[in-house]
Each structure stands twice: as C-alpha cells, then as structure tokens.
Amino acid sequence: MGVETFILVSVIKIVIALAVLLTAVAYSVWLERKVVGHMQNRWGPTRVGPFGLLQPLADGLKFIFKEDLTPPHVYRPLYIAAPMLALIFALTSIAVVPVGNWVSVAGVHTPLQITDVNIGLLIILGVTSLGVYGVALAGWSSNNKYSLLGGLRASAQMVSYEIALGLSLVGVLIMAGSFSLRDIVDAQGGHFWGFIPRWNIFQGQIVAFFVYLMAAYAETNRVPFDLPEAETELVAGYHTEYSSMKFAMFFMAEYANMITVACLASLLFLGGWHGPLFGPPMLQAVLPLFWFGLRIFAFIFIYIWVRGTLPRFRYDQLMAFGWKFLLPLAMANLVVTALVVALRS
Amino acid sequence: MRLWLIPILPLLGAAINGLFGRRFSRQLVALVALGFCGAAFAWALWAAAKLSGGSYSETIAPWIRAGAFQVNFSFYLDHLSLVMLLVVTGVGFLIHVYSVGYMWEEGGFYRFFCYLNLFMFFMLTLVLGGNYLLMFIGWEGVGLASYLLIGFWFTRDSAASAGKKAFIVNRVGDFGFLIALFLMIRHFGSLNFDQVFGMASRMNPETAGAGLLTTIGLLLMVGACGKSAQIPLYVWLPDAMEGPTPVSALIHAATMVTAGVYMVARSHAIFERAPMALTVVAVIGTLTALFAATIGVCQTDIKKVLAYSTISQLGYMFLACGVAAFSAGIFHLMTHAFFKGLLFLAAGSVIHSIGGEQDMRKMGGLRKKIPVTFWTMTAATFAIAGFPPFAGFFSKDEILWRAYQVSWAYWLIGVFTAFLTAFYMFRLWFLTFFGEYRGEEPRAHGEHGHGGIHESPRVMLVPLVILAGLSIAGGWVGIPGSLGGGNQFERFVGPVFHAAIPAGGGEHGRETARQEREAEGSEPETNAGTELMFTGISVSAALLGLLLSWWLYCKRTELPGRIARAVDGFYEAVLHKYYVDELYAILFVKPLIDGSSKILWQGIDRGVIDATLDNSADGAREVSDTIRHMQSGNLRSYAGWVAAGAAGVIVYMIWIGVR
Amino acid sequence: MLHLILFLAFGAVCVAGAVNLLVQRHPINSALSLVVVMGSLAVEYLLLGAEFVAAVQIIVYAGAIMVLFVFVIMLLNAGEEEYSNKSRVAHVVGIPGVLIGCVLIGWVLVERSHTEAVAVGALPGAPKDIGWLLFHDYLLPFEVTSILVLIAIMGAVVLAGRPEPVQQSKKES
Amino acid sequence: MVPLSYYLVLSGILFACGVTGFLIKRNLITIFMSIELMLNGVNLSFVAFAAHWHALSGQVFVFFVMVVAAAESAVGLAIIIAVFRTRETLNVDQVNLLKL
C-alpha cells in the first residue's frame, strides 16, 4: 500500500468516522430527550419530523443562528479556545477506537479503525485526560464565579475519577496482555461451554466494569455526578457565559465523550463487536458493526436511564465516593485479578 | 576451680545494688550485699579446701595481645594469696555485717553497700590477679572505691577533700607502680607473675649499685608507699578517717592498705635480688613505724589514733619484708587485720554509742555502759600491744626477732615503737573506758529515739565478738619454735617464697636467700635462748607502755598536761604531726596550684587555647557577617548563585575533558 | 527525511512553547504553553520509539500535573505577574551563568558532534519490556518511589488542608 | 534519521529555558513550571540516550523522573497554597523572610 493510498484511505476513514460520530451525538441528544420524556410521562420532541426525528437538525440550526455573545470581562483567547479544545479532545479519541474487523474494499485491506496503535488504550486515556482543559479553562476565562466554581469542580472531579477509571482498566489489561484495543477485543472472542461469551465482564471483571461505569459518569460530568453544571447551584456551571456554537461545542463534546466512553466499555468489557454471525456474506460483514452499535446504544440508554432516575450528589459525597470507595474497590479488583492470573499461569 | 567467681560475685552485688538499690528496701539491700559477699567468702573457703599442690592458676580469656606481649584475664592462687583471700573475704564479710547495723540510719544505704561490694570486687581482683596488670586494675579500683567511700558523706567538705587527698596521693604511688610495670614489659616482655619471677630469679643479685631489679623494686615500693601509707606518702590515711567507721576498718586498716605489703611480698623474687631496694623497704618501714607511733601518742581523736597506729603497724610489716621475712610480714598482716579491724569496729561502736563523738577527751568511764564493746576492745588492745598469748604478740615478736638478725638498729627502733604502741593504745583504752565520763549527755542520738549511752545492736556486736576471738587466737597458728610451737603459718606460707625461686641459675650469689634459709633452718636450735630473751624484752616494753599510760591517764591525770607544757615545742610539733601536711602544702601543693593557675590556666588555657578559639570564632563571625548578605532570602538570587555554580562546574568538567 | 522534518517541526513547537512560557506574564498562559511543550515532547518520544513514555508523558504530565497547576492557578486566582525586581544577583550572576553554561555545552556538542543518527523507533519501548525492567531490575527503586508518592500525598494533604475548626469536641459531646 | 546531538541540543534549550525562567519569573507557580520544564528537558536527553545506546533503562529513568515530578508538584503546589494563604502574594520577591 503506497503512501498516497494510505493517506486517501485514512482521510476517507476520518471523514466517515466523524460523520457517524457527529450524527450519533446529535441523535443521542434526541434519544435522551425522548427517553427522559417518556420516563417523566410526557412525549419529548414530537413536532419536527416524525417522532421529532428532525429535532437535532433544528437544534443545530438554532445554535448556528443564535447571537454569539462575548461578555465584556472574559479572557478572550482562552474563552474562545476552551470550547474548541473540549470538542477537539472529545473527537480525537475516536481515532484509535476499532469498530470491527479488517475489511477489504476495492483491493485495499484495512481495519475498521482510523489507525491501529499498539498503545491505543493509553492514547484514549491521555486524550480524555486532556479534555479537562476545555472545561477548566472555560470556567476560568469566563471571569464569572459560577463558571469558575464549575471549572474547579470539573477539574478536581475529573482528575480524581481518572485514577479509579484507569485502575479499573488495569485488570482487563492484565487479562489481555496488551494496550492495543484490537488485541483486547480479540482476546474476548469465543464462548465458555459453547454459549457464554468470553467477554471480560464474564471473566470476573464485573467489579471493574462497575467501577468503570461509575467513574465514566463522573468523567463525562453526567448525572448523578454533573456537579460542574449543576443548574440549581451554579446556573449552568462552566458554560454559563457561553452561547450559540460555543455552547453547542461543549454540548457536542459531552455527548461525544459519552459515546467514546460507551465504545471503550464495549471494547474492554462487553466483547467489542463479537456476536452471532449469520446470513449471507454481506450481512456477515455488517453484523459486527451492528452488534457494536447495539452495545453503544445500550450503554447510552443506561446513561439516560440513570439520568432519569437518580438525584445529584453533593460535592463532598462525590469526592468521598471516588477516593474512599471506588479507588479501593478498583485496587482490590486489581490485586485479585493479578493473583488469579499469576496463579493460573 | 572457677576462681573468677570470687571477684565477680561482689561485682554482681554492687551492680544490683547500684542499679536498682534505690528502689529496694534496706533489708533487701543488706541481703544482696551480704549474700554476694558471703557467697564470695564461701567460695573462697571452698577454693581453699580444694587447693592442693601449693598453687593453682586459671586463664579465662586473652585480654591484650600485641606481638609477643600478651596479657590474659588469669587468676592465680597460692598460699600467699590464699591467706589474703581469706582475710579479705572473711574480715570483709564480718565488716559487711557490722555495717548493716552501723549504717542503718544513714541516707544512701544502698550506695554504701554498692561501694563496699565494689571495693570487695577490686580487692579480690588485686589479690587473685595472675599478672601485674590485673593486679594493677584491682590496685586502681580499690583506690577508686576508697575515694568513693571516704567521700561517702560528700556533702561534708572535709570528707570530699579527704577523698580527693587520698586519691591524689595514691596517684603518686600508682605512678611509680606504673613505671615499674613499663619497665617489666620493656625488659621481661611480660607481666605474668610466673614469667616475670622466673626471669628475675635467673638474674644475678644486684649487691652494689642500682640495676634494673633495684629500680623496679624501688618503683614498686613507691607504689606500695602510696597504697600502704608509708613515709612519705602516708598523709592521706589519717584524713581518710572522714569516711564511715566500717570503711576505716575494712579499707584503711584490714585490707586495702595492706595491699602494698602483699604486693611487695608477691614481688619477693625481685626484691630478693635487689638488696638495696630491700634495705630501703626496711628503713622506710622502720621509720614509718616509729614516726607514726610518736604522732599517735598525742592524737585525741579516737579514729586518728587508730589511723596512726595502722600506719605504724604497716611500717612493721614493711620492716618484715625489708628483712626478707615475708611470711612474718604476711603473718602480721593477718593478725593486724583481725585486731585493727576489731579496734576500728569497736571504736565505731563507741562512737555510735555516745552519739558520734570522736574526741577521747570527752569520753571516759564507758566500761560499764558498753560492756561487750569494752571487752572486745580490750582483747584487741592487748593484741596490738603484743601481750601473749594474743595474736599480735606472735606476729610482732616474729618480726622483731627477724629484724634483729639483720640489724640491731631495726630491732631497737622496733622495740621502742612497740613500747609507744602499747602506751598510746592503753592511753586510748584508759581515756575511753575508765575514769569519769567527760562528755555531755549525747543528744537523743539522731532520730532513733533511744537517748543516752547505749550498747550497739546485736548485728554490730556479733562481728566484734568473732573478731575478738580471732584477735586472741589468730596468732596461735604461728607460735614460734622457741615457745614450743611449730610455726605452722611459716610452714604454710613460707614455701611460696622459696618455691618461686627456681633451681636454675645464679645460686652462687643469692646472699639474701641463703641467709634467710640459714636463719630458718638453724634458728630453732641455735638461737632459741636468744629469741626467748628478746621476746621477754619486747613483752616488758609493752608492759612498760601499759604502766606508763596507767600512771599518766588513770592515776595522775594532771601529769600529761604538765609534761606537754614542759616540752612545749616538741609537743606542738608532734600534735601537729610534725607539720608534714604543712610542709607538703608549701613544697608541692602550693607550687602546683600556683603553677597550674598562673601558667597553665591563665597563660596557656586562657592565653593560647581560649584565645585561639575566641579569635577564630570572632574571625568566622566577621567573615560570615560580610558574606551573609548573600543569603538574602530571595529565591531567585539563590537560583542565580546555583546557575553560576553550575556554570563553574561545567567549565571545570570541560577543562578536564579538554586537558 | 520525514523523520527529520517531524523532529524539526515539533522541536520548533517545543522551543516556541518554552519561550512563550518565559514571555507570557499570566501564569495560565505559561501553564498552557508548558502543556504544549509536553505534548510536542511526547511526539519527540514517539519519534524515538518510546511509545509508552510518550503516552505516560501525556497522561501524567499533561493530564495530571499540569491540570493540577491550572487548578491551583484557578483556585488562587493568580493574576498577572508583577515586575518587581528585588534580586540583582539573579540578573547579574545567574543569567551570565546560564549563558556561559549554554555556550560551553553548545560548543562541546558542536566540537564532538555525534553524527550517529538515531533511527525512528530505534528502540521500541514496548510497555511490556518497560514493565519487565520496572518490576525486576528496578523493583526496589520502584517501591521506594511508591513510598515517596505516599509521603508526598500525605504532605500535600497536611500542607494544603485547612486547620480543623476548634469546636469539634463540642459536637461530639 | 536525526543525529543524537540534535536531541541533545533541543534538550539543552529546554533546560536553559527552564533555568532562565527560574531566574527571571516572579510568580511562584511559573517558577515551579520552569522546574518542570527543566525536568522535561532532561527526560528528552534520557530517552534520546536510551535510543542511542539501545538501553531501555533510560526510559525507565524517565518513568521515575515523572513519578518524582508528580510527587514534587503535589507537595510544591500545596506549599504554594499555604504560602498564598499566609502571605497573600505569589510574588517570589516578597516571600523572602527566610534569611539571616
């Protein structure tokens, strides 16, 4: 494969991935409104298009045409850069996420993944850890006490929960023996006794999955850990002063992060794209994508479900939960996993 | 045989009492002290029973190894050290018992017994040590214990300075001893008794001029003078009476002060080949005996009298050694330990009974009030005065007889001293126990309620009685042939002084040894009559002393004062101990103090050492005063210095690399 | 060639970030330029094949340490730097020192220039190999650093924690 | 292919920038960042030498440096917070009470 082909294929993959991701972001917003609406015994968006399916489009238009207000005392360079940073870091991490096996299209053999890096997991962790800058800088540069508090909360919260998150992944890494996401998924192929899939969650990493789930909520600033944007306390938290597309960027970054987290959960714990394959070859090629999408959907649904169900934590409870419960739990899981693996080998 | 147990046992007692005694009850302290001391005595008896074949030695562990020179922790037991061992442990044990009663009311009870046991440890090390170095350790250790015990009432200024005086004067003697040891190392390459004596006995006697052995002998004698309070180093002993009376009895009468005699006797192999040294020993002994006795006549303090008496008796012992009658000296040492220990204890009992008064002029008529003390004291007084059949008679007679065989001058002075001894001892006896009581009624005697003159408790009286028995009968082991005895003691100890001289080398020139042997071999037959005559003379001298003191202090009590006035100047001189202390103060103490304060302190310490330090400190302060401004507290300045320093290091490294 | 271009490009970014750190007067700008420096350094590490170190550089340095810096700047609401000048030494002694050091080291590097090139991925620092080294050859230092980190955590808590209010005992009784 | 000395020069520049920052900056936090910059410069030379000598130990050293830097920044920032609380300034020129 020549350099030109490589670049061409990469660009195509990037475009496709971005398009899919942004669409998914838009429709997870719609899904959230719809599901929460039903949970609260109302309809959610219904007017724009059938079942309100065109609502995301309308929202987008609205954001674009809104006045882009810049308050007078903000620190302009960072005020402008912050939402971009947030969105960029949120979208970047998708680059190493594999969505399926290798495919051959028009004689080009390529993985269903923008690039296969053998430290893929580390890159995702690194990039998501950079995502905190967007939030923190937004809060600080707005020169507004609510924003500042939101930014402070966000950065403290994300740094704290990153530790539990990272530790919960170590168990999986020990079992797979690789940082490459593809290797990790491959290690989960097959079944126990013919019917129980060899997902990590069924290989004893259920505790790690639980820790990951909790930490992921906090990392993405979602309910019940959405303290950085707690509207009852901080108006709208770090993006109080933002409007128009700048606000939309934060919005998109949040949902993109959710999807990334969902992807990671699927890949690490739920067997990735593995699932029953049947039908004609064409269908067999598409089915892994479907199974993968299904998992992400389920994960997002749980996100929304939790949002519709749980109240918000207090900040000290949040910190105590992270440091005094999740972290020890993740460590215990790590120790047990390491012991089991060491004894088994 | 585990000889090392004998010294170690009192050490254990001392350690226990010293470390934990503060929290113990008095009973427990006494139990510990007596227990360990008694155990040592018991072990000594057992060792005595087991000792066969004259001598026994054991080596515990090597101590110092330097090339061919080696000193071990070794212990040596023969008949000589056995006598010393039994005297030290036996009399020591009795005095321990006595002390329990005597010190019961005193503060620092545990401290006293700790020191006492410590003294026992060092004394036993001295006696049992198998080489000169171990002996020296014991020698120094008893000095330390003596210092501690003299200064036992350290809050009393006189006691503290008496302790210091004893220690410092002893240092002078120890210095001589130490040099003697160095000489031995230099010339014999060893300090072990058998090696040193073996080599010494192979050398020729140094009849004329001073040779190595004479030097060593004289230096050893210096040491002995210090420890055993002989002229010119006797001055500390009278002052040492500041210590508690049992201490005086144990250390300054019975045991420690006799260490010098023991050492000279132990080193007989050296002295026998150094006639000049022997002569010096004899002369010093004789002079000390006479000198101290004359001072003793005028003393009024009961313990001082006894102290001078001790010095005088020690002079007898050195006289014996000086005329090569070592076994006679040791015999006198033993009997002296009995009766002098008894005298001190009885004196303590007297002092105790009248509430701490020591001046004889304020005593009198105590005969009826403290009968047990009186009768034991009587036994001891007759013993020291040399009345047959008391112990002192035999030993003193032996010494005088042997002294006469060397020179009539020794004998004459000895007999005169015996007369003086009898005089001042009976003076003490009469002043204390006869006539009217001259002191005021003792004031309630401390805290324990029973006022008035009273007999001491039983725990004090029992040792008195035992020692009285020994003072009477202790001499019977050495009844000379002329009096129909077999002189068992001479037979028992004597071999030590002959056996140690090996058969090899230099028999032709051993004048002194031959002379001694001749005397021993032929004496019972040829000189029995002469000896009896001399015995009679010395006994009559003692009787004369008794009568004179009875005349002066019982019959015509106003006479002593008149005599004193008649020979005013002489009396004053004797009363002030011939001004020896003052002489020493002018000759040695004052120059030393002046020299050290003017030259060493003001000149060297202040002017050189302190000045150097002060000036360098001032300089440092001035320098740092100027460069402290570097330390501005500003972080960036520090960083600047660090950067400059780093640049310097880089320059240096590159320079090295380029070169 | 590509390698050299990448090196030069990110090296330039790196130096620019470092210089910007010095030039900027507001600490938050300095902090962000330092993040840039770290990011481009991570790329340099990748060029050298040290992928694990690169990832850790991003996660630990950029993602944790620098976030901490930003957090503290926000918490203390640090403003623009005041140009007080109380240290002549830093300028009179320090700067020349730095210059001398730089010049000398540069001279040495030029003089004894190492012409041997370092290939891309010359030494693949695979996480597995580094882990092996860490847990075998360097186990003791590793454990020691873990203790160091523990102590640092405690120290930070003690230093930054506010003193407890005194009325604590009242509540208990 | 990049010569080793290029990496070393880059590392040296970063280190020198760090030192200079320490000397000329007045803000405590920025000074602290300068230290981090110096550490990063050193790390680069470690990695470059590791590649040059084919010894992974260099990368392990970088790892240790990072851990120490993390610990140091935690404590250092805590100290800065404490200093700010008592002195209410971050200007290092005004934090100069520790002197003779």
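Every chain is named by a letter (A, B, C and D) in the order it is written, and numbering of its residues begins at 1.
Everything below uses one rule, namely that contacts are C-beta pairs under 8 Å (C-beta built on N, C-alpha and C of every residue); 3 or more make two chains touch, one makes a residue touch a chain.
All of these numbers come straight from a predicted model, not from anything done at the bench.
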Mutual neighbours - chains that touch chain A and chain D alike: C
Relative to chain A, which chain's C-alpha centre is the most remote? B
Quick one: chain B and chain D, Cα centre-to-centre, how many Å? 77
Report the inter-chain centroid distance for chain B and chain C in whole angstrom, where each centroid is the mean of the CA atoms. 80
Distance between chain A and chain B based on Cα centroids, please, to the nearest Å. 99
If you average the CA atoms of chain A and of chain C, how many Å lie between those two points? 28
Can you list every residue of chain B that touches 2 or more other chains, as numbers and ranges? 632, 634, 636, 639-640, 643
Could you check chain D for residues that touch two or more other chains and list them? 19, 23-24, 26, 93, 96
Multi-partner residues of chain C (each touching 2 or more other chains): 52, 56, 64, 68, 73, 75, 86-87, 90-91, 94-95, 98, 101, 105
With touch defined as at the top, which chains are paired up in contact here? A-C, B-C, B-D, C-D
Once bound in the complex, which stretches of chain B touch chain C? 630, 632, 634, 636-637, 639-648, 650-651, 654, 657
For a test of understanding, state which residues of chain A touch chain C in their complex under the given definition. 75, 78, 117-119, 122-123, 125-127, 129-130, 132-133, 136-137, 139-140, 148, 151-152, 155-156, 158-159, 162, 166, 177, 179
Contact footprint of chain A on chain C as seen in their complex: 28, 32, 35, 51-52, 55-56, 58-59, 62-64, 67-68, 70-71, 73-75, 77, 126-128
Residue ranges of chain D in contact with chain C within the complex: 1-10, 12-14, 16-21, 23-27, 29-30, 32-34, 36-37, 40, 43-44, 47-48, 50-52, 54-57, 59-60, 62-64, 66-75, 77-82, 84, 90-91, 93-94, 96
Touching chain B in the complex: which residues of chain D? 19, 22-24, 26, 31, 92-93, 95-100
